[in-house]
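Both complexes below contain chain A, partnered by chain B and then by chain C.
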Partner chain A sequence: MPMTDNSAGKVGAAPEGARARDRLALLTADNASVPLPAGVQAITAILLAALLIALPWLGLGYRFLSIAITTLYTAIGLYGLGLQFGQAGIMSVGHAALMGVGAYASAILSVQLGLGFWTSLPFAMVLSAIVGGVIGLPTLRVGGQHYIIITFCFCALFVIVLTNGGTFTGSATGLDVGSVTPLPGINFDKLSNNYYLVLAALFLALAATYLIGISRYGRTLRAIRENEQLARSVGINVDLHKLGVLMVSGLFAGLAGVLQLYYLRHISPTLFGAFPSLYLALMVMLGGARYLYGPLIGAVIVNFLPEVLNLDPVDSRIAYGVCLLLVILLLPGGVGAGIKNIYCALAGGFDKQGGGSNGRA
Partner chain B sequence: MRQLGLGLTMAAAGLAMALQTARADEELPIGVIAAQSGSFVSAGNTIVGAANLAAQQINDAGGIKVGDKTYKIKLYIRDNRTDVNVSIAAARELVNDIGVKAIWGTETHDFSVSMAKITGPAKVLQFSGNSSLGAVLDDKAVADDGWLHYTFQSEPQEWQRSGSTAKGVLSLLTPQLKSPPKHSVVFVGNDATGQYLSSHYVKALEAEGQKVDLVQYPPDTTDFSPLLTRIKGMKPDIVHFWYNGDSTLTAFPQALKLGVAPSYFLFGVDPGIYQERSLKADVPVTMSCVPVCWGSSPFPEVKQYFEKYFGLGAAKGPQSSVSLLYYDYFFWYAKALEKVGKIDDPDAVVAELLKSDYKGVVSPVPLVFNKHHQVTFATEVCMVEPNTSDKFKCAVEQPPAAPPPGDNGG
Partner chain C sequence: MAALEVRGLRKQFGGVVALNGVDLDIDTDRVVGIVGPNGSGKTTLFNVVTGVHPATGGTVSWQGQDITNIGAHRIARMRLVRTFQQAMSFPGLTVDENVRIAWEQGRKSGGRWASPGMILDFVGLAPLGKAIAGSLPFGSLRRLGLAVALGVSPELLLLDEPGAGLNDSEAQAFAAVIAQLPPQGIGVCLIDHDMDMMSELCDRLIVLDFGTKIAEGPPAEVLADPKVREVYLGPDKKVGAS
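Presenting the complex of A and B:
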């Protein structure tokens, strides 16, 4: 049975001499459109959820748990970027600034009006969504690298505005906030409770991403990604959908930004500049933007790689660069694609699976 | 059988001796969080260097006698990789996993503030050498239930340092110029530290009768010539390269080439570095160190300190002297522990630190913490003779008694 994926080519009925090459193609294919069996998807989700829920009890220490929290809120922001890049094909290198909009909105509401985490969160998310849409307006006229440059400029301008914003933005020194307002019986000063708060938000982001992926809206976005002109010609309101996905991405970024703010309890412009934005783009490409767990995988790799291998920032950047090159050359769909391909190879290859394209696995 | 008995007896005696030694050398866990890699490495390494030297000296001298026990300092050094997330993870690890009694670091305002939100609730003392902490160390923050009650600023308040530096620079340069300087331009990096520090320095220069223009450059600038050309057009008497010694070492040669001003001040550039790099100017150049210069100190204690510090393998750099913002406080903390008689009573240690003083290396006058947990000491300013790299004249300026007009001191 032929594969529906473009990059892999037809691998199901390979002649004897080309078997090795076919195996390589199988492992390096971007098979985002090929769904895994529902049972496998459910088991993967349950195992991952169980692992993430059990993490604080595994005795890995506070350092590990702290980096896990950083990884999770980063992943939430990446799910927004994954939607706009993976589903709609709109890449951004200014996504950290969008997280910054959420973080600063929440911090300013806290400092100026005394609003806490729960009350400022919806405002911050909505503001990030609106800003995401406003930055997205140019995508109606330009695309590809032109839009990437626009997002980079937005990021640089955002940092300049914050740095020179006086006491309102705290200037370069930044702003401080208190703890997350406790819920009955739950004090979020306790690190494990803070972890579960961020984890709950990650589950929401994952669920939203999954539902969008399998919905008609997700299919429409993918149609726009694959051929914008064709999508337009069949009556899809491309402009509206593009702005829509950028606003949804902004919602995710706003949520991630507020979680980051209340984890660090101090923010400054440098957290939301060009460099953190590039890291986000790197993570989503490493993990695989088209895969449900791709953003999470990307966040885990970038946050934990220096810890596991004890790399300093210079070595880390070299390692990330090498990883990115390897991913581009060998796994165009990211590490998420690689993991899925390994599973598929172990389970007997793609030819034994259904060939539909009704979402992401 | 007799041999077996003898062996058992000897083993028991050995075990008892080992236990006795272990009991005599209790461990005092102290954390150090600093950038040993990343963009702040030159400042971060100085914290580690100072901590290693101080811990070694205290332990070699027999340790810290607290009650009837003697404690040896065990340092837990963590590299923050110039990353706030790693700093926080390291602080969590040191406070919650290891259980350190105090933490030294970091080199960065943002990191120190975020860390204080972990050390404060855990009642772990934190010594940070960021003068910008003055913006948050107020009555409420350092109160018994305040979030900075256990945080100490091991660098003088910025208005004090700015005041003594401005006075020193003008007193050294004025005799060198044809007419008394009236117009200064402060050239500073536009980041958190640069903004905070320059706001005080501008006021200090104005208090000394200077007309001051502030020109900021984006962090990570390498080509300063457009901004320096603009400054040249302002016809200043002195250009003050403020705050970032590493950037200053890039910008200053460009300024000399462009002939921007008839005199200069280089903040955070040690005479030792000026000499090592064979820098030369045909106009008078002053420089100051944070807090005292390793290349040209008038104090024998400081000279001895830097001999030992560099003897441990620490690199000579523009920020080497920053190590002295951390060194003395190990001894002061040890003294406070001995006085309190317990290592598990941080409130008593804080109270003891606030009422005691300590004569250290950084200052000939004993160090004292004020009610906002900040110290006070003088600033050393040096001038190099024109067309030389190694002929320095240094002066130690005491800080002013009060902030200048327009400076709220915070």
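Presenting the complex of A and C:
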């Protein structure tokens, strides 16, 4: 015999006046766990994919395409960060160093053993994953704030080790690699081909993020984010999953790092230090870590903002600071949340929603 | 042999002895009540049994296996599940997702529910499936806590003051749901301060005071026990006299 609930229905059936006010509140809310209709999700994905695929043909120039490549490999790293922070609630401010692990692993394998892009990629990704897990070990004993400090220290330490690594790491000068080993008929020296390589990897990262988001694994991570104690009490091995998601995040970081290496063809320690790490944290918060397109949006904003507004590096840092403040104050869920909320408001609140996935805009 | 056997269980927080050698036998075919004044160690008993806090001494065994200090998630997977005195949920997720998370864990080794929706129906939350758990009114939040615990397909459910903070009609509705659990094969061990409800609902009452079991038996007998009356009525008399 079901219980009677005198509060049932209040959420669904508000009077018209209250509903308008609710909609306003919804514009700034974080609605990551409210699913969008499957049709809307599919159309968004197709339009975005078409735009990204067509980009090199739009005649926007060499410089634009270069920034686009930077944006995309950064976004791949951000999808890892988005997974650990957005889904599992574990923030890192040393994520560039994890990309650096992948980049340097691949570069060293190339210099020392002559391994090319394709053969070194799996090793680099696995090494990043392992390092990600090892940095995560202390989190199991201490809280999330401590983990943030640990990641920051790791980042500083990583740069020191690289700078003092002699010829093995190339010291402060860094290391050089050749170009990506060509596939039959595709030469990656051509910028647009390099773009498509990075884009293909981004699509993989997006697909993986989407699939994790709608899976039992994604729900498990969100449970840990929302209430660790309750998660344990329903049978979730919280420690194991925390380490697991940090390792998955490391895989993404390794992939991004290797793509970065083979786009730049030269890497040095400063690329993976504190500033780049903080930028990654900034991007994922700006874009919205819990939203499917949040990390990409964050990467686009931070990489293209100085270009669009013609800012020098100092001005652009100020601009980022202002952006971050605005987002934290007005849109705690990030720009991704804002876009989804605007859509939901236009579509008439949340009552028209179909089933579909959850939490992805 | 009882399903849950607690022997000489001790728990100390610094100098505070919260449990001082408790022995319990709890079966999964009835409702057992645990009562006692504030701070007598009821919640601590649940916390130590379910692996939230390590025991200082003594053993807990469940279905013949020693589960002392083996970790909360492993105990839950053995279908010994608890709720919390503070109503708990995954606040940022929908009610549906809250229950689905628990249901997916319970299903790993063959759960009793065909779908999370059945659990929502059972506790009367089905109309609120799309609501965000953190925005639920308190009564519904309590019900969600029960739904999440049921999702794991427990064989024994430890409920820590599920009626606290509910109004009379809500508490009665809750009691009606709890009474339905043992016939479905879900044993219940219930902490509550409402003696009327406890004596109606429970087949057996256990009284804790200062971390020690001072009485155990059918509710009518236990409540007539002079030791129990002293624990409960002693301070009241003093208040009345002063």
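Just so it is clear, the second predicted complex is superposed on the first by the 329 of 361 C-alpha atoms of A that agree within 3 Å, B and C clash if a C-alpha of one lies under 4 Å from a C-alpha of the other, contacts with A are read in each partner's own complex, and residues count from 1 in each chain.
One rule holds in what follows: a contact is a pair of C-beta atoms (placed from the backbone, for glycine too) under 8 Å apart; a residue touches a chain by one contact, two chains touch by 3 or more.
The structure presented is a predicted model; accordingly, all values stated were derived computationally and were not measured.
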**Request:** State whether A:T220 touches chain B only (first), chain C only (second), both chains, or neither.
**Result:** second
**Request:** Name the contact category of A:A49: first (chain B only), second (chain C only), both, or neither.
**Result:** neither
**Prompt:** After lining up the shared chain so the two structures overlap, which partner does A:I148 touch, if you call chain B first and chain C second: first, second, both or neither?
**Reply:** neither
**Message:** For A:V234, using the defined touch cut-off, is the partner it touches chain B, chain C, both, or neither? Pick first, second, both or neither.
**Reply:** second
**Message:** Per the contact definition in the header, classify A:D189: touching chain B only (first), chain C only (second), both, or neither.
**Reply:** first
**Request:** In the overlay, answer first, second, both or neither for which of chain B and chain C A:L324 touches.
**Result:** neither
**Message:** Can you tell me which positions in chain A touch chain B when the two form their complex?
**Reply:** 61-67, 70, 163-164, 171-174, 176, 189, 191, 263-266, 268, 270-271, 303, 306, 312-314, 316
**Item:** chain B residues within the chain A interface of the complex
**Value:** 36-39, 79, 81-86, 88-90, 92-93, 95-97, 109-110, 113-114, 117, 121, 132, 135-136, 190-196
**Fill in**
Counting only contacts in the complex, chain C reaches chain A at residues 50, 52, 71-74, 76-77, 81-82, 84, 88-94, 97, 100-102, 104-106, 108, 121-128, 130-132, 135-137, 139-140, 143, 148-149, 151-152, 169-170, 173-174, 176-177, 180
**Message:** Please output the residues of chain A touching chain C within their complex, sorted ascending.
**Reply:** 1-12, 30, 32-34, 216, 219-220, 222-223, 225-227, 229-238, 350, 353, 358
